[in-house]
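Please go over the structures that come below.
Both complexes below contain subunit A, partnered by subunit B and then by subunit C.
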Partner chain A sequence: MTLPPFDYARPASLDEATDLLARGDARVLAGGQSLVPALAARLPGGPRPGLLVDLYAIPGLDAIEPLPDGGVRIGAMARQRTVELSPLIAQRAPLLAEATAWIGHPSTRNRGTVVGSLAYAEPAAEIPSVAVALDAVAEIAGPGGARRTATAAELLGASPATPTTPAAPQAPANPPVRRGTALTPGELIVALTIPARSAAERTAWVEHAPRRYDLPLVGVAAVVRADGTARLVFAGVGPAPVTLQLRSSAPLRGGRTTGVPAVAELRSFEGHMDPESTGVPAPDPLRARIAGTLARRALRQALRGPARTEAAHG
Partner chain B sequence: MAEPRTIALTVDGERHELTVEPRDTLAEALRERCGALGVRVGCGEGHCGACTVDLDGATARSCTVLAVQADGASVRTVEGLAAPDGELHPLQQAFVTEHALQCGFCTAGMLMTAEELLRERPDADDDAIRAALSGNLCRCTGYQGILRAVRRARDEAGTGNGQGDAR
Partner chain C sequence: MRGRARHVADLTRPRLVEAVFVRSPHPAARVGAIDKTRALAAPGVVAVLTAGDLPHTPLLDSVQIDGLRKTPQPALAGDRVRFAGEPVALVVAHRRAQALDAAELVEVDWQPTPFVLDPGAAAAPGAPPVHDEIAENLLFSADKTYGDPAGAFAAADLVIEQPLIGNRYLAAPLEGRGCLAEPADHGGLTVWASTMGPHLLRRRLAQTTGIPEQRLRVIAPDVGGSFGLKIPAAPEEVAIALAARALGRPVRWVEGRREQLVAAPHAKDQRIALELAVSARGELLGVRAILAGNAGAYSFNSASALIEPYLGAGLLPGPYRIEHVAAGIRSLLTNTSPISPYRGVGWTQPHTARELAIDRAARALGLTPAELRRRNLVASFPHRSATGMVYDSGSYLACLETAVELVGGEVATGGAAAAGLPAPAGPSEDAGATAGASWVDPDEPDVRLGIGVTSYVEPAGWGSNGALQSEWSFASHDAVRLQVDPTGGVLAAVGTPSQGQGHATTLAQVVAAELGVRVEDVTVIAQDTDAVPVSTAGTRASRVATVTGGALALASRRLRKRLLEVAELLLERDTAGSPAPVAGSPAPVAGSPGTAAGSPGTAAGDAAATLTLADGVVTGGARELTVRQLAEAAHFDLALRARLPEPDLVVTQFHDPPATYSNGAIAALVAVDLGTGGVTVRRLAVVEDCGTMLNPMVVDGQAAGAVAQGVGGALWEDVAYGEDGVPRGDSFGSYLLPRIGELPEMAIAHHSSPSPFTVNGVKGMGESGSIAAPAAIACAVAAALSPERFVVDRLPLTAERVLRGAGLLDAPDPAPATPPAPPAPGGEAARGEAADPESAS
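This part shows the complex of A and B:
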């Protein structure tokens, strides 16, 4: 329906933006693909900003740039579509390119931003979990020229999974409630930096949505390292991404894995891969079950795929 | 700052200057102020895709864009697809041929989405077509005619390029 009324500003600099955001009821407008629909829906408890601060006119915020150490820096206004198709991202952070392709639809990715998706912190969204999986660091600007950094994990309140017994039967639960990030009033994320990844690392993103291409119910990012350890990050099983560290009983074979990895190789990941439970706390048995299935699928896909340095861009 | 402000934008080649409130969406501005009634508002919340337009060269759901964000922009709507003499765009013709519409409410959004797809990927396969159109909802047709129409437009564009003389 018609949006509720609000003020609108289009600052020309970061300092102007942070000054405006220090007003308690102000919110950043980047791509608007989460915020504007939320305003239109007028859901109880939804956003009611008094002021939208549009970042569009601040120069340089849309840059995607290589870093000397082999990492990549993604500006606040870099569109999801640009990141999805970027050869630089395909080379340095293929997991991000892979997951971004699953966000929404082409017309929403044309407008939506990667940093905005992180800042909105929708529990089941792709970017927050991928940012945690890739050890991403946010550059944050605050009022009065303040600058700081924080890891995506800190900002989102990502937490490690704790071992659980198989979930007791219970009614299907409502989705996890979005709780936002640890940004303080007046702060905005200027850029997201993904540090250099190991050349031998293999990654995959898998998600399940009851309606394909819609917001996922559960998503999993898998990062498999040459030393036989793996990190899984789950979206949709809690308000914030949930991480799981796994260890294989033996280092991975060198070179590319052809065909489906041996079942033994999957089973060799000790930890919470009990068939009845992933050990991932979830709101309900359905999400726990899906999380377990997707975890196996993500590991299999990561193991089957090329090492990062071979990943083709498309 | 909640007071109305004046913006200027080009819509299907025509320049418009209008005064809007910050909360007015581009969809509303296009329909009510620029005469582009071909822009449909379905859900008004960015889910259905009926309001899809081309904004500065890329599709956008105009109900998720504030009019003030489009200040200085160039917008193309479904009304700009056909040639000035009225000749239908190949996609529009394909939609007619394949009976890809019933009530027609989703059609403008479908056409704008399909146009971008075929422009970016003239060789898009069926999976790519389905993926690209997955955000445009249709209550009438069951989608098969729409998919056939996009495939037809894709194939006819391919046939038209460089093979005419060989036949």
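This part shows the complex of A and C:
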């Protein structure tokens, strides 16, 4: 292993962990599937933490629990593979299960955590966009026993928006720069809570990468509600997930073929991501086109699949 | 998979220390003071060595071609670095992690200087010189003319201009480079290295260190892939050898992955402007091209930057009867990592440009791409190409038909002429008609299908003669030693180690078949310069089957004759009724001169007619004899030995065979997603003719592996430099290789046209997929997007290039392609009406 020098701590409690994290150069180690390779690369400008705080030994952090209101709570150390295969997640947040299956490979998912992926806040990654799409809320622990919550959108600096004026497309096809989260020093995400979803909503995750299972160029989460309104959340088009609300319910009524006319609305979206309403720069033309394509496909796929209530019986 | 392989990184030696290089973060810089103080104080550090500590003779391009300028390359740079990743210091510590930590503490006073990355810009006035003494960064420039290209182009009804910016590849073997050097007696060194050519490395180490070759022992342990990268001696290998000598203890270096991506030599990277002259009847009349190779910062030793454009020029006619050729060969120095060999060396990118041009010509003439090829493929043999290559035998037409047939079957079921596209040919129609057309996938309206087919000829099995036919001066011969031990076991000692090609199996099969023993009784050793005869070239240029294999076949025949002589003498003694002497008994007095001289000769003559040696048993005599019995007698039966003209079972055989040329065709069915620009290869048909196959399973494996690398080159692989002059790819997450999940079903088929010139009709093979698969895929994508008039002018075919080329992205190109033909002296003469690369892009 070519890791640079660092201190390592394996606290047994959350309070101990947050106290350790209060040290300015500390970083959380959960699954380590992004951080450890980045450390090993010793890249100029790459991460060089003085201390890694390993959450492994803190009891109970790996739980996936049902909430009484129909939601689900995912602990900071719940592995991606466990979430992907969890019957509870399949029932209460099938979009999360579907998207998680696209992260890396089974071997990396065996170690990587869903919450860690949220905290890493890679702009093109699956979990941040899915968390925003599902209105997920992060439970955050801070030094001195402080506790607070934040929505995934707040945490990532993503805000819902509707497309309005077309912006001038930016030319170079460079990936968006990672901006990170709104966590303050000493804070860590203890769990991610996904509130109860309507049983009638249909969801889909679609992504495109140069090679399958790579970090996507663009990914799209689609959530189609019973009233025909829909939410699309895009990964890879800005430094944080970009949300697009579809007000028009008519095109979504009537199943598969008449559902597709949302395409007409999305076509106008191609190349015209709106910086004013999303707070992010417009993506380059390539990402814009892929985003438009994937949005259509995500809607189609969501409408093609069974509603969640049906799936539960299937 | 038993986990028993021993690579350089697995070796253990007493007092071993580990080395890490300090490398330039700049593409060009003056190197001021290097402060070792902090590094030397770090835990575990044994030494920090810089250029001044390790005096040596720099590495030098060994190729002798008039006009090729020389670029001495030091093992460690002194006062100047010329590419990002060039090493300036060596940190030696007890553990690698300690050396890595300490390497970050070496303080170098870098004084960055202007640099140039693009070969087009390198030749422009005012470009910073990579080497002060080489004007315009022009390493080499020559114009070659074969036949009457001016006349051919004047007579042409159609001239296709085809620019191509070829990508910069990394060979990317799973095991990176690395070596371990240990001082030996009499000032010598033993060097374990991840190399393709132990003798070649020994020669370079002797030249640089001054240690005589007989005191240098180079051992290639198990090597995890190479694909050409490990042909040249690495400057790092020289530095490690020098460090071991300076420190008086074994020193090891194991290359890291990012280190490899940035600092190891890269490959290919030609800028091409090609023109094809075609008659209205579909005759390919002539081809002319400017081939401008990006040499990188040094013309790499043992290989030369010329391996790309120079070798590419020789194969411009390819498998076609193109009689008139003009080639403007340029090689330009830039502040990038040097270019070294990689599978398909030199040929890949000119082949791609020619094949793209042929497809466009076919479309212009209203012919299918397969039909235009059919009308022009070489059909009679031997065929002397316009550039002087003698194609010994082949099945060019048959391979094309088979490839089209194999790839066409699936498309025929695709149907659906949506969007007004021509319907695919049915199974009963001429399948060749399908190639070059375009269909919509009936299940996915955004997805367009296309087929590309390409014929290739592969100059394979380079002996010195093969090299000469490429106008290349290259001693490429082998000596092998074959010996039968007293128990009948066979040892084949060769100088061409395997990096995964299965030599131990294939070469053992050659010996077993020719000698007449069981394959499990043959052991092949190839690793150790102290144990095997000299191979001047090592494993490279698809030469092992014909050069090493040919030498072993000839050696086996000679040894077989000796074994049969022994058998004849034993059988003769049976019939004479004399008791066989006991091994180890006192030496009998030799018979009369008449008996001694005459009898074995006669016996051998009879033996050839009556006795058979196969599977280790001699039959055809009064009783069966095993090779073990023969070997026992040959070593210990002194009476018998006295009658043998050559009483030993050791044969050394030299071989340097004539050139051979493999051929074949590759066809690809691709799906292009107009919504994302994504390209998926759905099916590949690979048809190979390498003459007599020594081992069909190995041939298939080689074909499939080369095709996989060709798919990578067509779609993903590219070492892209950032504006800071440093490669952007820092892991296999950014330098994208094809993985098993991306590789389509491959239908592999064979024709066999044994070479009339080689032992057993064997030809070299193994590079064809790397040469031709990129063209097959590029032609298929162009076919799928033919309604959009997509012209491929750059690889790899990224989503952005596909969508932009098809006019499906509205914004202007953010990074316009560099003109392929850099301004270079003498270029216009060969080029005539120069293709304007921009006009077609």
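By our rule, the second predicted complex is superposed on the first by the 263 of 314 C-alpha atoms of A that agree within 3 Å, B and C clash if a C-alpha of one lies under 4 Å from a C-alpha of the other, contacts with A are read in each partner's own complex, and residues count from 1 in each chain.
What we mean here is this: a residue touches a chain if its C-beta (ideal position, glycine included) is under 8 Å from a C-beta of that chain, and two chains touch if they have at least 3 such contacts.
On a predicted model such as this, the values are computed, not experimentally measured, just so you know.
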First, second, both or neither for A:G32, with subunit B first and subunit C second: first
First, second, both or neither for A:S107, with subunit B first and subunit C second: first
First, second, both or neither for A:L52, with subunit B first and subunit C second: first
Partner chain(s) touched by A:A146 [first = subunit B, second = subunit C, both, neither]: neither
First (subunit B), second (subunit C), both or neither touched by A:Y8: first
Subunit B versus subunit C as contact partner of A:L67, first or second or both or neither: neither
Touching partner for A:A199 - first (subunit B), second (subunit C), both, neither: neither
Partner chain in contact with A:P44 - subunit B first, subunit C second, else both or neither: second
First, second, both or neither for A:R212, with subunit B first and subunit C second: both
Common interface residues of subunit A - those touching subunit B in one complex and subunit C in the other: 1-5, 37, 41, 212-213
Contact set on subunit C toward subunit A in their complex: 25, 96-97, 100-101, 104, 256, 258, 446, 673, 675-678, 715-716, 730-731, 733, 736, 738-739, 741-742, 798-800, 803, 808-812, 814-815
Subunit A - residues contacting subunit B, complex: 1-10, 29, 32-33, 36-37, 39-41, 51-52, 54, 56, 81, 104-108, 110-111, 212-213
Residues of subunit A touching subunit C in the complex: 1-5, 37, 41-44, 169, 171-173, 208, 210-215, 217, 271, 284-286, 289-290, 292-294, 296-297
Interfacial residue positions of subunit B with respect to subunit A in the complex: 1-2, 5, 21-25, 28, 44-47, 49, 52, 55, 58-61, 63-66, 68-69, 113, 116-117, 131-132, 134-136
